[in-house]
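Letters A, B and C mark the chains in the order given here, with residues in each chain numbered from 1 onward.
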Amino acid sequence: MNNLVNELNYLREMSIEMMIMVKNQHEKAKNALVEFNLDLAEEIIRTEQRVNALELSIENKCENIIALFQPVATDLRFVLSIFKFVSELERIGDHADAIAKFLLDKTEPFDKEILKALKLEEMFNETNSMFEDVILAMNENNSAPARKVFKKDKDVNKHLRTAKKTIGDELSKFHPQSNELLTLYSAEVRLERVGDLLTNVAEEIIFYLEAEIMKHQNKKKTPAKGKKLHQKPNQGN
Amino acid sequence: MDVLEKEIKIVKEINSQPPQDINIKVSRMNAYYGDFHALKDINLSIEYNSVMALIGPSGCGKSTFIRVLNRMNDYIDSFRMDGEVIIDHQNIYGKEVRIEQLRKQVGMVFQKPNPFPKSVYENVAYGLRIQGVKDKKFIEERVIRSLQQVTLWNEVKDNLKKNALALSGGQQQRLCIARTLAVEPSVILMDEPTSALDPIATGKIEDLITELKKEYTIVIVTHNMQQASRISDYTSFFYLGEIIETDKTLNIFTKPKIKQTERYISGYFG
Amino acid sequence: MNSIVRNRLNDKLFYIWGLISTFIGLIMLSIFLGQIVKDGAQRLNWDFFTSLPSRLPEKAGIYTAMIGSVWILLMTLIIAFPLGVAAGIYLEEYIKKGRWSNLLELNISNLAGIPSIIYGLLGLEFFARTLHLGGSILTGSLTLSLLILPIIIVTTRESIRAVPGSIKEASYALGASKWQTIRMQVLPASMGGIMTGVILALSRAVGEAAPLIVIGALAYVPFAPSGPLDDFSVLPIQVFNWISRPQAGFITNAAAGIIVLLALTFLMNGIAVFLRYRWQNKTKL
């Protein structure tokens, strides 16, 4: 019993650590973007590797706990839910990394008016607050904070819709089909995402069959497409 | 140091750790009951202060093997064996070995708890008495310490004269462990120690084993694979008298190298 | 009638049969006891216990016979107990099991069934004549020891066998030698059974008359024996002697003697039962 309890506590520590690490990446992304701070962008890109490594560690720990201790009921749900949400966290980390990379391509800060019109800071603040909710929920074993995020997510979605409309209105001053372009672009972003997600599915199948972890590795075995790393969303956007 | 750094450090240490000093080393051992070839070419090394679990279907030689380590098979007329068994750098089948001395060093706990029909105190003191120890104070201290080690002290301290057979099954088994600890062995052999006990008593004994391995080397035969995965550091899979695979327990249960091992632990046979 | 009814009937019949058999035995026994007590109780007084034998029934007492029986009892105990228990331990724990040991075991069981008078003849020839011990207490107790030795050996072996092998295993696993295991575990655990067996064997010895008569125990001993080489008599012989006298008073004496003998037997059996009870509680699981 002691062994299992110790392992579960350690797993909890690791997952909270990862949550905090990714939240910091997310906050730095906001500040880097809004203040056009290239140093912060560099930091984010450097830390990205550690985020990936931590995800692998946590997933490994989950696998070991299940193999060695066969947890049931709450313990089992605990291990399974951490196993799932660390990959969500890792993707959030990817997004922060992608945002940082946009900045490196620019030579001057973003127009403050545009930032305001597109509600960028509001979206960052809202998602940041959602982060705080889930970290609190995990820390205190309390589901009440976790339940607050659903409404906040609706607000985030609303901001996106507002931003999209704003962009559409601006562009249609110059191009009559701008709305069509925007919508199709959004669809293609989604498709690109589908491609990334399918590579994730493939990685998991290879893991099950050959106990080989392909995530975050150089995939020398992929046919000549040349895509090396774990697929990040919205790359080069 | 944050968690990630801790993890990286742990992984590095595990991979670079030189093998610990070996307490028990069995080489090219074969064992026979008359014509029956019970153990075939056994090679196994067990580190100090670790728990080695022996798993495998019934009748595959695990109990025979463990009894080779304290020479309890000597009492069976038809038994013979060849090969080398070295414990604490000494060949235990050598001519100069005194069996009584060996058994003080290598203790054994049996499947069905078998306390003597005497008082709790006398059960634990027995090992000392047969060595000729007369000092009452010394015996008393040892008895108390052994009972404390097995977390039985609080349950029996009010009446040490109570007949051991009046204790519950789990308490009796802990008493048997205390009895073995009293003579200060370096190795404790356990032949399915919890298969006759209920889950609560089993849990207590498993916690005890995890605690004991800090000071003793433990070899445990178990039919219960989940028990092996919970408490052991190394696991060895026996099948029809042979060792199929031995490895760190984590590896056996996540990535066994041999298909047969994987089939057994997945429950596809045995 | 169908099988259920038939089975029930058989059950009932067997039950009744068992009841009758038991009661027949009990009733016969009580009639016998009753008769004896009626005949002999009047004679049980201090005089009877302290008088020496005499030709006059009113004066004759069982003093010498009682002393003789006690001597025989104690000496047989001293000789047979250590020998029988040691032999039992050896045969059960030490001897190499095989054809010879099985033969030995068979022969010892047979010895237990040989008529006691044969032992008497053996004792006469070997102890009384060859060793020149005559018809003494020593001869008597040696002869009776031979008689009950097989019983003690068998009982000892069975008591030892009843000690669970797991106890011995645990003892060996702690580093005890074979003798330590026997001395500190097996014997203490089996002692109850052994003692019960010894006492029952002794109580049989106390009731023997034939072998003692053969070796030369006298029927008329006007003095109490004071040493193992003295002549002696025992209660059963005294009773036998009185019964064969014509005077009516001796019948009374005989009855009284039988009461004393029975009392002694019951006492010894009672001790055996008590000991068995005490010991079982010690080792009860």
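Keep in mind that, in the parts below, a residue touches a chain if its C-beta (ideal position, glycine included) is under 8 Å from a C-beta of that chain, and two chains touch if they have at least 3 such contacts.
Keep in mind that what you see is a predicted model, and the values were worked out from it rather than measured.
J.: Closest chain to the protein's overall Cα mean, using per-chain Cα means, please.
T.: Central chain: B.
J.: When I count C-beta pairs in contact, which pair ends up with more: A-B or B-C?
T.: Looking at contacts between chains, B-C has the larger number.
J.: With chain centres defined as C-alpha means, what is the inter-centre distance between subunit A and subunit C in Å?
T.: Centres of subunit A and subunit C (C-alpha means) sit 94 Å apart.
J.: Averaging only over C-alpha atoms, locate the centres of subunit A and subunit B and give their separation in whole Å.
T.: Their C-alpha centroids are separated by 48 Å.
J.: I'd like to verify one number: the distance from the centre of subunit B to the centre of subunit C, where each centre is the average of its C-alpha atoms, in whole angstrom.
T.: 50
J.: Subunit B touches which residues of subunit A in the complex?
T.: The touching residues are 1-4, 13-14, 17-18, 21, 50, 53-54, 57, 63-64, 67-70, 211.
J.: Once bound in the complex, which stretches of subunit B touch subunit A?
T.: Subunit B reaches subunit A through residues 2-4, 7-8, 203, 206-207, 210, 226, 229-231, 249-250, 253-255.
J.: In the complex of these two chains, what residues of subunit C are touching subunit B?
T.: Listed in rising order, the residues are 164, 166-167, 169-177, 180, 184-185, 188-189, 282-285.
J.: Which subunit B residues qualify as touching subunit C in the complex?
T.: Residue positions touching the partner: 70, 72, 75, 99-104, 107-108, 110, 112, 114-118, 126-127, 129-131, 163, 165, 176, 179-180, 183.
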